[in-house]
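Reading through the structure tokens given below for one structure.
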């Protein structure tokens, strides 16, 4: 399955991936309208400390602990991808607690959100990868495990 | 309006040739007639012939054919020749007055042998000495032009249609074992006798149909070696390339063809034989500036044979036919059929594939 | 403000309606032009630090930024232009030599733009490169004078060492130090993939790049930095750099701040020491000395590698080239006065040397007049900007071209011409690790390959139009060129006719 991989070596810490993610999932067709004067809630997050930066988003684990911990069945694994059905989410936030990567977050309305590889929004391919100026994010098949 | 030599002149053309592999001599009548069906390939601004084996009685001597503008030029030039050569015969080249050919210059020939003392003092071999002298006359002596300088061969050319030029020069009275012919279609010149083809140096002659796109690359390279491209025609530069590769570098005809119409790199890479691959790569790498591009079909004449060659894309027509001891080459099959109605095996050589015909070894020419 | 104040050259225009305060501009500007004002929640800028490298403009996701030339006007006139006046102020402030980067920016004639290319009509067919083979392969190196044969009459196919190129373009010298590790890696990998060569410049060869040796020219310059036996043997060819188009007659100076870590090791000089290349090679004060160095390098590399001698195009270039052609060198590289640099004194860059077009034309003709054009191949650089410049250079007589600025542009350079500051926001002319990593060689080498592939297509199209299907038939084919708006003297030097003739 194709996943988003972060290459720390080439991450320049510009944080564009976060903005592209927030925009892609905004449902808006204009970035200014979508993001101006708003606090953004991207599903990818650039870790930034001691001059080392890299972007973190859902790993789509083979054995996803978030799915196991979900008490309402909102988090599911479909063809390898972990999806979230926000209508089913009851906002217990257990998934946020258990995810070792910090890749699940609360969306501001009491339910959780996470990276769904932009396959569920209008972008069609991961917006973070598409907009990365230095190819530090790569969307590719690297085999399982 | 600029004349030849002051401006580069591209031209379309017709070519034809015939050779007897047995060395049997034939008159110039057939080759003259062969040019008739290709009349439309010329425009009356130049025609000419090269004939091999026509001066057996003077075969040890260089036959210098001249155009002179006037008598004084001839006298001066003769004085110059006498300082360098022993002249064994000096005469007007016989012509037939016909209305189709007018404005002729003084057309003269000398049979000469280089003075031994000059060869020693200049430390040159005979052929190089003659070549340099010809080049010197043609570049420096206004009003005099050497248009043929080989042994036992001669060029005959004029402004007019080739079939008329043949009649004008009484080619029916010459007998040679090999003939080449040319009808010219220059695109922007009033036509000049010296500019007609064949173009020759020593016994090398070229008739050419085409317009080469590599002209200035070839010219500027070859001029490094003492050649002067005074006419700015393709034929002239190809002749010098031939002379340089064959006489001065010692390449054989096949190797020469593989320089001027070199196989594509891809073809070379696909060759199985490593030796062959090495040879072709070497020739292309050694003489890149002598690759000739753009459309051409040429017949290269020399003592004892002919070579026909097309550009490597075959952008000009050229066919070859055979019958008995004779091989025929022409721009159009019609010309061959005039010379030999029963010709067998007419075929079109591939681009870059040389057709080399030599008179059998042992035949006394 | 004071008498020392010079109004900033550029203004940062931020469209407040579009700015989403993502702060990408702030994070990306090594010059610290942009700053986020937390209290107001907006970005502000200090345009006095802006060099117009366009990094922020390129990365701004909402196109909220543009950089424009300041319209703060000095009372300039035709003699005292804006830049001239400001340079006086700068020197009155600093007391120093002015430094600049990249090529001569002045409005001196660009002859390439006054030369037009021929095409076939009627008498000779153009050739369609999509349907017919179209060859751009060239071999650089000395050719034998005579064909020789063995005792059986077979050709002896041995030539002096040749460089084979898939197209007549190479990346010219840019040292590791003046440009980054990643820029070097991009060039090396692209050259390898393209079947051409790149050039180390005078900074040695990083051990990681020895694997690209077959596509590397190793340079030996007056400072001898990074030169040792393995280095010489690593390359496909060795280049002796006598001069550079951007700064003929002077050496180089890479400040100690750039001599860090691997750069110091590769150059074989202590960290933090200035790398100063002398103006002359102190073992070459004349042509016979050059001959000795040429043969020393040939001895060291067992006559397996062609030796290139690179010189700046100066007034007497034809005679100099003739001397080099007789010195044993296999290739002469000539660098025109528009050639780029990482840093050069402004006065030198803008006033010394001659245009490459004229230098090339006169050198090629001189070598032919002397019958020694076959002794050497000619490579020219000094602002070859496009495929048509390449075609014109080849038709004037070059065997191949060197390009550097065009390659840097492909890597992201926006010609801000402040390489000397070492703060290249595009990760090219810098050694700061956080900036260097901005140039990912996976991206860089791909972009270089695409640029050269595009040029190759264009070269083929132009050749096909002329009815030429191999680059050899274009070399020195000056009939394929015509001048426009040139005087008779210029046309005579270029060896071409005027359009319409």
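First chain written, first letter: the chains are A, B and C, and each begins at residue 1.
FYI, a contact is a pair of C-beta atoms (placed from the backbone, for glycine too) under 8 Å apart; a residue touches a chain by one contact, two chains touch by 3 or more.
Here the structure is a predicted model, which is why all the values come from computation and not from measurement.
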Taking each chain's C-alpha mean as its centre, the one farthest from chain B: A
Nearest-to-centre chain - CA centroid comparison: C
Distance between chain centroids, defined by C-alpha means - chain B, chain C (Å): 47
Averaged-CA centre spacing for the pair chain C and chain A, given as whole angstrom: 43
CA centroid of chain A to CA centroid of chain B, Å: 79
Complex interface listing, chain A residues touching chain C: 9-16, 18-20, 23, 31-32, 35-37, 51, 131, 133-136
In the complex, chain C residues that touch chain B: 120, 123-125, 127, 132-133, 135, 137-139, 143-144, 146-147, 149, 155, 157, 159, 162, 368, 371, 373-374, 397, 466-470, 472-480
List of chain B residues in touch with chain C within their complex: 8, 10-12, 187, 210-211, 213-218, 220-221, 223-225, 249-251, 255, 262, 264-266, 278-279, 281-289, 291-295, 312-313, 315
Chain C residues within the chain A interface of the complex: 17-20, 22-24, 27-28, 41, 58-59, 61-62, 64, 433-434, 437-440, 442-443
